[in-house]
Each structure stands twice: as structure tokens, then as C-alpha cells.
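Okay, so here's the structure we're looking at.
By letter and in written order, the chains are A, B and C; residue numbering begins at 1 in each of them.
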Amino acid sequence: MMDWPFYLDSVFPALNRGLGVSLQLIVPSALLGLAGGVLLGSLRVFGSPRLRRAGDMYTAVLRGVPLVIQLFILYYVLPKIGLYLDGFSAAVLGFILCSAAYHSEYVRGAFLSIRQGQLKAAQALGFSPLQSIRFILLPQAMRLALPGCGNEIVYLIKYSSLAYMTTCVELTGEAKVLASRHWRYTEIFLAAGLYYLCLTSLASFILHKIEARAHIPGFGRQK
Amino acid sequence: MLAYLAAVAGEAPYILSGSLVTLGVVCASLGLGFCMGVPLALAQVYGLPTARRLVAVYTWFFRGTPILVLLYLFHFGLFDALNLNMPALVSACIVLGLASSAYQSQIFRGSLEALPAGQFKAARALGFSSVQSVRHIILPQALRLSLPGWSNEYSILLKDSALVYVLGVPEIMTRAHFVASRTSWHVTYYILAALLYLAITALGLKLLRLLEKKTRLPGYNL
Amino acid sequence: MNEKTGTFPEPALRLEEISKSLGGRLILDAVSLDLRKGERKVLIGPSGAGKSTLLQCVNCLVLPDRGRIFLKGEELDQSDNRALRLFRRRVGMIFQDFNLFDHLTALGNVGIALQKVRGLPKAEAESRAVEELARVGLEGKASMYPAELSGGQKQRVAIARALAMDPEVILLDEPTSALDPELAGEVLTVIRDLADGGMTMLMATHQMDFALALADEILFMEQGRIIEQGVPSLLLAPGSGTRTLDFCSRLALGAEGRI
């Protein structure tokens, strides 16, 4: 039986508050994570051998270690180097560092799959290396990487729930606090789950729209 | 420095032995995910429209909801409400397994759809029943195609398994967290745990690559 | 007979002793050549002779190990990236596999270097691109993407792209060898028009009849060296006994009756 007053007075206000915090976590993390991933992915393809190796190493480590542990390490390491961040900022930083690693993997793969001739043609026209990357290779790579990066953003939405581990009370945190107070885990977490489902579905929808808009004959999803 | 190292060495075995629990959780949930993922994928590719829609809703739910929310929902919510008295370890395996089944079904579905339509027809033309065709012709091919995706799923699941520490399952993360809070050497013990995860990821991927090589057939190197 | 040879006073492009090794194999062995303004030279020879590498060495898409490159008498400093880019602007290149930018329309392909390399304003770059597309007969295809164009159309866009930069020399690396014979014709027509307009060209090709009709001089390459060169009519005179004649008659194998 639905206990409407409980929902209307306690659950929804708390979850809405949490949703707000979650969105503040997700949006900057997604944007900066993607930007970082593009940069890192480019470095891993076009950088000097040493930079490339460093980039590969960074990516392997961040993709191989559970995000919770990364967040904990960050949360405890930062004060030791004189950087006092609250749980929220530590979480955002952790999300950016981690999703940059994941994005870079797609970006790198996309760069590597572009035909060699594209770069040659650009050079033959007098493009500088940086211009060739910026105007010829990157626009192609991003179209190829878009589905993968989009998935990554959807993942980020779900993993934003880990911010609660660094004492940042967002959607999951609000749900947990409320659920343990009333011991009504089923309803509250079902509701929280639906909030996340809305977010992830909305994000997928928007990303598909972007993909469709960026679609060019001869690129990406075509049978 | 020496005292520090000795102290860490003293705690290390406790954390290390958590990797057995972690491995157990990962294997159990990969197995559950596989056992459910294959029929789900078959239903989504070959099933009736109703079955397809149900599977779509199932995968949408489990792929769109954070593991953390699922863990709380099932262990403290549903299982508790049903008076199942589920041990945390079992809850953890079930939740991760259900989530994994949604992902694995997508991997298998991709492979099934990548197979040429002629395979099924050829099997039917030889007199195989549809179940036989799937069992003997379609699945052996589709599962081979799925192996790379499956390796990926393994490393994702391994990392997700760290989350079950919220249920108190004594795996790597839980133990590291426990020792870290007791000694206040957070960075040390979390880094130790991180290294452990890196090692297990690398080990598992090596084994899976071996499996890939073993089962490889000419023409199946995607 | 071709009386034009020897009537080009102004030097356009000069290569001196260009050598290149790749993977321990000598691909180019001290190749020298001179191209005067308006002159058209054609490189022929078996595949693997080094024709394509030579063309790519000219604008340093492949850096030569040794050798000097001059454009209008000025030597190119191959280690100076800025100078290299300015040089490449002045030397157009047509590739065997077109290498159109896959993410840009035909118009975008022609316009992008005008805008980003030469720094023209967008509108100006665009109107110039429209002009160039019209020149190769593709005014109707401006908004098409490479994937929507036929091979011949792609190569014509590539030519328009090179021409838009107002190059002083054009290098063509087997421009029709990736095309079906029926599509090659439209590309050859465009190249012939260019030649008639007085463009300085260095072209590698297997299209013998075309080479003969177009070339002021034929350069026959084998194993990284130019082993024969001369006016087509002399090099291919029946009974001349040249390697070039031998190569061409084996290539022809048909009664197409060249020369």
C-alpha cells in the first residue's frame, strides 16, 4: 500500500534535494571528464614516447582500480599534500580523473582507426600538426568515439552514487539516511532507483540525439 | 620506517585473504549473470514480442540503476521484507549477478545478431529442431564472439565487487576499510587494496585471453 | 613529335640527389630531376620502383634521407617546419586514394585549407571553393559527403582542393589507378584541362596512352632510380630498344595502338 503522506512529506523532498546535489556532481564531472579524456587520448596518440607511456600507465591504473578506492585515496591523500577539499569537491575531482581515463580509451581507439591518408592530405595542404589534429582528425575521432563516450557518461551518472562514500550526501545518501531512519529500504530505494533510471534514460536519449545530429554519411552507426 | 613496514606486513595477510572472498563474489556473480544472460539474450533475439519487451525492461532497470542502490534495495529492502534472512555474501552475489546478467545479455545479443542469418536456416534445413539449432549451431559461435566482451565484463564486475563492502561482506575493500580506520593509515591500506585489484584484474584478463586463444577457430578473430 | 621540350626557361621545381631508405631497403637512390614552369613530366615504371615515394619526398610527406629540393630556385630547408608548411601550400598533391576529409562535404574539403591554412574569411573561402568545384564540373555536388560520391567525383574534389591553394606545381600520384576505367575518364579530362591551362605537373601513372598524350618528358624509374628519360616519341620509337618501350609493350598487351 502506498503511504502517500510519507512519500510527499519525506521521501520526495529528500530525494529531490539529493537529485540536485547529484546533478551538481554529474554535470561538471561529465564535461570536464570528457575534456580531460580528449586531451589524454590525444596525448596517448600524438605525444612523445614518454608522454604516451605515462598516459597509458595512468589509464591502466585508473581503469583497474575500483572507483570507491580511488575516492577514498583521494579523500585522504589530498589533505596530506595541503589540499583541503570537502567531500563534494573530492568526489568531483575523483570522477573527472577516472572518467578522463575511460574516455581517453575511446578517443585513442578512434584516432588510431582514422586512415593514415587523412593526416597526409592535411599536411600536403600545409596544415601544421596541431591544425591537422584540431580540424581534420579530432572532428572525425569524436564522431567515432561518441557512442563509447556517451556510454561512459551514463556510467558516470550511476557511479556518482559513490560520492556518498566521501560524505557528500547526494541522491543515494539522502535515500540511505531516510531509509535507515524509517527502516523502509524497499520503497525508498525503489524510488531512488527510479530517479536514477530517469537520469540515465534521459542522458541516453540526449546522447542519441547528439549522435544523430553529428551523423555524417560514412561515419559511425550504419549497416 | 621499519616499524611502519612491519606493521603493514602484519596487516597485509588479513587484507590479502580478502581476495579469496572477492574472487568468490566475482565468480559467483559472473556465473549467475551468465546463466541468466544467455536465456535473456535468446529471448530478446528469438523470443515473442512480449518476451522481448520484458527482457528490455529488465535490462533497462538493471543497467540504469547504480549498484549501490541495488545493494540497498535488495539486501536491506526486498530480501528483508520477504524475511529471507539472506547472508550479506549471498545478497551481494545475487545483486551483482542480476546486474551482470543484464550486461551479459547485451553482449550475447550483440553476438547473436552478428551471426549470419544463414546459420540458423542451414541448421533447420538439416532437420535440427529450433532448440537443437541454438544449442549446437548458434551458441557455440555466439559465445566465442562474446569472449572479448565477457573479459570486459569480468573487469567491471571485479571493480563493482568492491561496493559490497556496504553490506559488510569481508572482501578486500571491507578489510582494507576496517584496517584503515583502525590504524588511521588510510592511504597505505587503500593503496595496498588498489594494487591487489590491479593484480587480480591483470591475472583474470590473462586467463581469459588464454581461453580466447584456446577456443579460437579460423575466421572467428573479430 | 613534341616541340615544346626545351622551351621552358623558368625553373619551377628541382630535386638533387634525393635518397630514401625504408626498413633498410633503398627506395630512392640519388634521384635528380628538373621541372620547368609549365612543364609536364610523367613517371612510369613497375610498382615498387619508388615513384610514389619520390612524389611524397618532393613535399616532404616522406622526409628524404639525403638530397636537396628547390622551388623557383630557392632551396627548401627540410628541417624548418614553418618553411615546410609554406612550401606545401605552393605544391599541390593528388593521392591515389583521394584522401578526402571524410567528415567534410565536398565544399568543406575544398574550403577548409583556404580558411585555416591561408586564413581567408569563411565567406571568401566558400565562394572560392564553389568556383573550384565548378571548374572540375561538380557544382551540383557541393553539399555531398565523400561517402556519397563516386570514386571519380572524389578524385575531382581532391583536384579542386589542391587547385584552390593556387599551387605552382602539382604532384599526382597515380590519380586514376584506384578507379574503374569508366570513371577514370572524367578525372583524366580534368587533368588534361589543367595541362592545357599551363599547370606545371609531375605525375606517376600506369595510364600509358594518357601519359604519352600529356607528357613533355617521360621518366622511367626502376629500383629507385630514373634509368631512362626523354621525349615520349623518342623513348618509345619502335625499335628504339629502350627499357621504357619494353615495359610499355608488356603493359599494353593489346592492340590499342599507342604512339
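Operating definition for what follows: a contact is a pair of C-beta atoms (placed from the backbone, for glycine too) under 8 Å apart; a residue touches a chain by one contact, two chains touch by 3 or more.
Please read these numbers as outputs of a predicted model, since none were measured by experiment.
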Of all chains shown, smallest offset between own Cα centre and global Cα centre goes to A
Chain at maximum distance from subunit B, centres defined as averaged CA atoms
C
Note: subunit C sits from subunit A at a C-alpha centroid distance in Å of 47
Could you please state the distance in Å, as a whole number, between where the Cα atoms of subunit B are centred and where those of subunit C are centred?
56
Could you put a whole-Å number on the gap between the CA centroids of subunit A and subunit B?
21
Touching at least two other chains at once: which residues of subunit A meet that condition?
none
Report the residues of subunit A in contact with subunit C in the complex, numbered from low to high.
115, 117-118, 120-128, 131, 135-136, 139-140, 143, 216-219
Could you please specify the touching residues of subunit B with respect to subunit A in the complex?
60-61, 63-70, 72-73, 76-78, 80-81, 155, 158-163, 165, 173, 176-177, 180, 186-187, 190-191, 193-194, 197-198, 201-202
Subunit A residues touching subunit B - in the complex, by the definition given at the top
61, 63-70, 72-73, 75-77, 80, 154, 158-162, 164, 172, 175-176, 179, 185-190, 192-193, 196-197, 200-201
Which positions of subunit C touch subunit A when the two form their complex?
56, 59, 61, 81, 85-86, 88-89, 92-93, 95, 97-103, 112-113, 116-117, 145-148, 158, 161-162, 165
